[in-house]
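To start, the structure itself, in structure tokens.
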Amino acid sequence: MNRESFAAGERLVSPAYVRQGCEARRSHEHLIRLLLEKGKCPENGWDESTLELFLHELAIMDSNNFLGNCGVGEREGRVASALVARRHYRFIHGIGRSGDISAVQPKAAGSSLLNKITNSLVLDIIKLAGVHTVTNCFVVPMATGMSLTLCFLTLRHKRPKAKYIIWPRIDQKSCFKSMITAGFEPVVIENVLEGDELRTDLKAVEAKVQELGPDYVLCIHSTTSCFAPRVPDRLEELAVICANYGIPHIVNNAYGVQSSKCMHLIQQGARVGRIDAFVQSLDKNFMVPVGGAIIAGFNDSFIQEISKMYPGRASASPSLDVLITLLSLGSNGYKKLLKERKEMFSYLSNQIKKLSEAYNERLLHTPHNPISLAVTLKTLDEHHDEAVTQLGSMLFTRQVSGARVVPLGSVQTVSGYTFRGFMSHTNNYPCAYLNAASAIGMKMQDVDLFIKRLDKCLKAVRKEQSKESDDNYDKTEDVDIEEMALKPDNVLLDTYQDASS
Amino acid sequence: MNRESFAAGERLVSPAYVRQGCEARRSHEHLIRLLLEKGKCPENGWDESTLELFLHELAIMDSNNFLGNCGVGEREGRVASALVARRHYRFIHGIGRSGDISAVQPKAAGSSLLNKITNSLVLDIIKLAGVHTVTNCFVVPMATGMSLTLCFLTLRHKRPKAKYIIWPRIDQKSCFKSMITAGFEPVVIENVLEGDELRTDLKAVEAKVQELGPDYVLCIHSTTSCFAPRVPDRLEELAVICANYGIPHIVNNAYGVQSSKCMHLIQQGARVGRIDAFVQSLDKNFMVPVGGAIIAGFNDSFIQEISKMYPGRASASPSLDVLITLLSLGSNGYKKLLKERKEMFSYLSNQIKKLSEAYNERLLHTPHNPISLAVTLKTLDEHHDEAVTQLGSMLFTRQVSGARVVPLGSVQTVSGYTFRGFMSHTNNYPCAYLNAASAIGMKMQDVDLFIKRLDKCLKAVRKEQSKESDDNYDKTEDVDIEEMALKPDNVLLDTYQDASS
Amino acid sequence: MNRESFAAGERLVSPAYVRQGCEARRSHEHLIRLLLEKGKCPENGWDESTLELFLHELAIMDSNNFLGNCGVGEREGRVASALVARRHYRFIHGIGRSGDISAVQPKAAGSSLLNKITNSLVLDIIKLAGVHTVTNCFVVPMATGMSLTLCFLTLRHKRPKAKYIIWPRIDQKSCFKSMITAGFEPVVIENVLEGDELRTDLKAVEAKVQELGPDYVLCIHSTTSCFAPRVPDRLEELAVICANYGIPHIVNNAYGVQSSKCMHLIQQGARVGRIDAFVQSLDKNFMVPVGGAIIAGFNDSFIQEISKMYPGRASASPSLDVLITLLSLGSNGYKKLLKERKEMFSYLSNQIKKLSEAYNERLLHTPHNPISLAVTLKTLDEHHDEAVTQLGSMLFTRQVSGARVVPLGSVQTVSGYTFRGFMSHTNNYPCAYLNAASAIGMKMQDVDLFIKRLDKCLKAVRKEQSKESDDNYDKTEDVDIEEMALKPDNVLLDTYQDASS
Amino acid sequence: MNRESFAAGERLVSPAYVRQGCEARRSHEHLIRLLLEKGKCPENGWDESTLELFLHELAIMDSNNFLGNCGVGEREGRVASALVARRHYRFIHGIGRSGDISAVQPKAAGSSLLNKITNSLVLDIIKLAGVHTVTNCFVVPMATGMSLTLCFLTLRHKRPKAKYIIWPRIDQKSCFKSMITAGFEPVVIENVLEGDELRTDLKAVEAKVQELGPDYVLCIHSTTSCFAPRVPDRLEELAVICANYGIPHIVNNAYGVQSSKCMHLIQQGARVGRIDAFVQSLDKNFMVPVGGAIIAGFNDSFIQEISKMYPGRASASPSLDVLITLLSLGSNGYKKLLKERKEMFSYLSNQIKKLSEAYNERLLHTPHNPISLAVTLKTLDEHHDEAVTQLGSMLFTRQVSGARVVPLGSVQTVSGYTFRGFMSHTNNYPCAYLNAASAIGMKMQDVDLFIKRLDKCLKAVRKEQSKESDDNYDKTEDVDIEEMALKPDNVLLDTYQDASS
């Protein structure tokens, strides 16, 4: 509403009240202005009404929402379904242009602003989360794996001879495939066992660089966040090797933004050595739907090169999600989530420790892993071949999601490469184990339910091992409402094995 | 977004594009300004994005949406559920104040504007629909019956001696009860049969006025829209009687806004005689949810008196619905709906006429009823006592809604008054019949499906009458997907009888 | 999705996962079943997804949402605007029928269920809130005032001689007008001053009953929740008088559900004497938009009579709001809100007490009022005529809503009755004062902001009184963002006087 | 609601009405079952309520919506913002798994079903649109360019020697960059001029294959939809060359689904020769937001290979959009849109033809291009260097979007390759021209406004060329509301040049 509208309003109802309302409107506008001028995440989260006003204002700046627009092109932001238009707040043109995913669209000033502001906010949050010297980043509507691929494809043009990517082993398919998809040969560096932890074999890395010749190495591809007992790579040392040999360094920081330790490693790596880009998932760090990642780095022009490597426009949906989320939370809200995650990590550790001891098992000592924990399943493994997998299956049917059992001796072939001891990040870990993680947004209730259900499942598996009949075990158990899903688990074994990989 | 925000935006993306977006914003604002300045329904319906922008702008003028508000009263527009807040576009304070449902609320400038504008738009539409000299109206969040009660209660204060309301009979419970609830004694004037039509018995009305004495009559309570074969009351003549005897005249125009004939009657009545207020349903005339009515009239101060009679605040929900609807449709959209309704009326007449002749029945000749039609059910009635009711039940289970069968001889007692021939508006209509209406929003598909299903039902009832077995009839019928609900109907007989009354 | 759909789903993705999803669906269905079977508010609030599933399931049971429906009536639940349909979850038919607002609609089984369940839930909550022996209640889409009117209109039919309503004075327009609108003569009983409190004059009530004659008294109309220093009426004693003289008793419990004290009074009144109905606001007690009330009582058939007195259908909107709210909160959530309100009341008392003492004012001692507080404005009043009103105006422009200043000597005429000392519930309260209340949903932040702003305003008014220039006062004040609205307040004086009445 | 819930419902309201509602529910379920069983686009579009019921049912099958779920993994589908959850209908887990974008997710049976069904529906529509023998396809949440890159990356693994991609020139950056990004060297084949049309130089293609050696050619990358006067490539002949030389063939069918001619070319190419995959935009063909594409082909296993090449999960957002859209439209709705597009193409042709003749210009004769038209701007070009660009700028500021002026002699370097005559698909087209297209969803109003505004702009440019002062021109023009954006256009020249490229 403009000045004339307010004047007309004053004639309809009392001027004093309209003025009061008009005044109130200014506080919303004030917040919007601050955001546009500073490009920083507001400290306090915005009210839903400010947020929707802002999105509405941006949307009407896009040509598909012009009241008088006539479109005679092949891409005019027309929408067939009102449901679809509405769920996107009428942002239809996506982000970017043929030339560059960060570029401004003439037809869509609003979407372009949305894109710029989102990237700016995200940069602010990365700094806040610990990588203070990051200089540029952008949201890309692809998950972490494909985003890593894009980084590798960009490096290809700078390193024409390169054929190999050096990669300290981590048993997760996407990041492995990201190298294959980009057309490079992954050179797997096995981890070394230090206490219970699996850590980067720095000597092997350097030896491999020398063996292959630095020019033939596209980059070192390291990892922060990972399942225990693997721990984040020794980023500082890797960064120094990269600097020394002039090799790029791409860090897979998938769900590391939520951990100050992971972020600190990146910050330190960049300070003492070389990190070209680090890639993180939107959904895992910002509690938004799957499908976006942030590519960030310390060298403005390299990050721009990557963004120019993306051919064509792209979905604005992940950017919109993270924008809404950050504006709702504010930086204080996000910090609070980080703090709570850390507390939940301690709580989860303690509860698992207690439970494991009651079953003669042990929480692995992995102090370098700030997110994931592992507890041994030795007693299960000894008695019965399939007991470990069965436990996984039982947890799955009891609606425990994300718990991951790792049996010994699993072998898997991914894109032609064979991994022994797959899922455990090493050929031969000393024992089977179970993983659980404290990720952002976890609640105490998650931990409590998990511990309770794990307890029951362990008890049940034990009983079965002691040859007690299935009937008896059902009777002795105190069934509660959460357990209504309880039923023979064997049928799910195959399913589960597939599920947990 | 204000000037500074746009300036900041220009620094983030190209100034030319932002300016283009800013320009586009002005066309939305232009529409809003026109609305506020003129208070008229826009000719062309608004885009959803203009509409939502407008509602959003109004809502942030209410104190419950002030970012810095602190509330220390007993009614602060707090909302527990975000779903609820959102579905009301964050308008929480309702409309009106203790003193007057049309009054402005200091805490809620936005809701107050919404209320004023809605009333203004609705007034505009009533004029457009044919009552050109209407001077004031307001939306009240009560259905037609309770709104009539409010009118009667208002009149009570002006006519202390009055005990009776003269009411040409129409067999619909709400309008009858509206008089009982207000504490008056309805004086029922039986209709006279002219051809097939049931029409106002003017002589009886005037005789009754004289008999009771004008001062003891609160008002004449007449009706426009009604089920055939009753037709709208002779409003002109009634208005003249009212003028002559100094008796107020309240018109129940329930679903008459959609018919130019009904509106013309009101216009003429007011021109030649006296009409104090006419009341119409929101849902039946404007295709919004049940729950609101419009009280309108020709004397500004009397309408204000009624609005001041409503004690306290009221729901803004019906006002919001009709505002959204009228702004979406525009006056052109509403006119189009009126035109289509008229066309559907002709189409429905023709189709029913054809069908009825095939069954040796007859479309009653009721040219004065512009909305409702009646077709005889003589042949059914002759053979079998319950056949008429059974037909109604069969239509109901076949998802024909709104068709209404009227058997002979039904007797009903409402609030202590006994009506013979209830549903037929007269003690003894010559034959049983079926009603169907062409109301606003009806589609050709409604008519076609109705005719098809009626045909099948009539066929089925006939067969049963001819003692053909139920089995045979099922086999001969070509079942289609719409008919999947087909099943024994007798169980529903009682249900239906209840339903159709 | 039915059995066949799930089977088809199992063929598309893994059967084990579909079964897991199907299992999960059952927990939603379980909650819905419990609700329908027990008709009680669930202890724990429902998830938004269960809630929306439930509403969706109900909505498709209404004929306007039948895929194969054809409508040939005058009220078919057609909706012109998709926005409107959506905001009502496609419930279009409203609640009730011509005969009864609680009746079931043949065309709308879903809406009918919604209505029944809502009334059942609300009854459960009224019991939980303290009126354990309530037997029946219903939600009516009218605010408290009009709902009281409906009660009075119902009583009229049972007490043909009655002309008067005995009403211990409370200075709020709606409840006064509710009697006028119903056509009765309010007999005002002035309150008596006990300490700081204004309490019911029982002797005067009884004397008036005898004077007028019980048969000529429609009912006693008492009040619980009110602004201090008035306190809830002596309900027990009034109920005994009613029982003794055979006079109905209607209680205005506007925002009393939130206070265990008010509810206890009603419970006790009903136990020892007579209460026919008690009426409460939906918005003030359940944090939903303005526009609904609950009419409740201890005699099933009398409550049904009232519901049958409402002529015609009504809006389902208030019922839907309270249903969504209660299902979201659960009874635990509602109890938590009640508990927090009580705590805020103590906090507000303490903070006001402290502040008032700093200004040589005094928190009035009103222990019987559980919601509203009053603090004297003696020092203001002494110096300057308009200072009290100006304080109100200053608070208003500083976005303090709900604070209410009560100057001495205000006279107001409502519907022909003149009230001296209007707003203070008595002709001559000893001093001017300011009201603040702790209502459901109030946050500590509300209290803190209020105290801070009140402090500033009092300081400013004092300074002005001490003839210090306006300029000086602006300079000395530490302006913060909340204060940006600060500006000359005199222009608003008239406005405010209007606003606070 | 399950059986028990309905039974409980029958006790609350009449059994007959509940059964009627229950029956009605079955018709929704019937549609859902058909969809899941057949996997085909329904002929008639679904009602919004069926659609939302379906999405809701799917969503509650995902573990993040399980009421009893406890999550202890790193990716649990938690959502911080309710707005975000809602806009995705609570589908949070995205689609695909580490191994394959088409794979099923154990944690998300609902999202997995959504993904399968969407791909199945889209396949059905591709057949319906003309490529009857397509065997597999999948939606990928990347725009056309990146999707082409993914195809090329997949081919890399099958053709280790390949370095080149043969590409008949089309001046659009994304598709050119898609090859660069994949790490291949584009070999540009210049088009030949036939009449006004620019067509594939088949001889040059074949010669280039022979010159480079088939093994060194990754694939031929051809194009269907394009701006006139270029026309779709000679797909049949190219497909034969590919078959003969054993070279893969990837078709960029960006907005070709909407044209039966483009689809026919693909069908024919596959029949007589070799087409490995064809890629089309979601937004341009299905009126959804930018950000998705469909990769389709005739060899099931090759399409699967591509889907397995995508490393990791991906956004479900584009799939959800196209699913909603197709279910809303139904195949009949989509066919109607295709038919209207064709009609609009004729209408646009005729209108442009008329207008151009009035200005002594000519509609280029490009019968092979079914979507885009070009009209000469000879007269502009002769007089004044910048007149052509200025026309573009004027159209832009007048809210004509998508019109594209192509001046002579523009030179552009993309990723190191220099294109002469850029935008015109050839080094030296005979004249400057203007493009307009009839794309799906275009309305007659778009054409009429375009013609009107183009007329005004041409008139204005002419006048300027005739040295008439700017002032005069403003005065003589009849300004209407659409023209309010009218202002000096020169400032926008640079902007526009950027915009139109």
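For reference, chains read A, B, C and D in written order, and residue numbers begin at 1 within each chain.
Convention: contacts are C-beta pairs under 8 Å (C-beta built on N, C-alpha and C of every residue); 3 or more make two chains touch, one makes a residue touch a chain.
All values reported here derive from a predicted model rather than from experimental measurement.
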Quiz prompt | Copies subunit D and subunit C - interface residue numbers shared by over half, same or different | solution = same
Quiz item: Which chain maximises the distance between its CA centroid and that of subunit A?
Solution: B
Quiz item: So how far apart, in whole Å, are subunit A and subunit C when each is placed at the average of its C-alpha atoms?
Solution: 47
Quiz item: In whole angstrom, how far does the Cα centroid of subunit A sit from the Cα centroid of subunit B?
Solution: 55
Quiz item: So which bits of subunit D are touching at least two other chains?
Solution: 14, 16-17, 20, 24, 26-27, 48, 63, 66, 68-69, 82, 106, 396, 399, 495, 498-499
Practice problem: Could you pull out which subunit C residues touch subunit D in their complex? | Solution: 1-2, 4-5, 8-9, 12-14, 16-18, 20-22, 24-29, 31-33, 36-37, 39, 47-50, 52-54, 56-57, 59-63, 65-69, 82, 86, 90, 104-106, 108-110, 112-113, 116-117
Quiz item: Of all residues in subunit C, which touch subunit B in the complex?
Solution: 48, 51, 63, 66, 68-81, 83-84, 87-89, 91-95, 97-99, 106-107, 141-146, 148-150, 153, 156-157, 172-178, 180-183, 225, 254-255, 281, 283-284, 286-292, 309-318, 321, 324-325, 328-329, 337, 348, 371-372, 396, 399-404, 414, 436-442, 445-447, 449-450, 453, 481-482, 485, 495-496, 498-500
Quiz item: Any idea which subunit D residues touch subunit B in the complex?
Solution: 14, 16-17, 20, 23-24, 26-27, 82, 396-397, 399, 484-485, 491-492, 495, 498-499
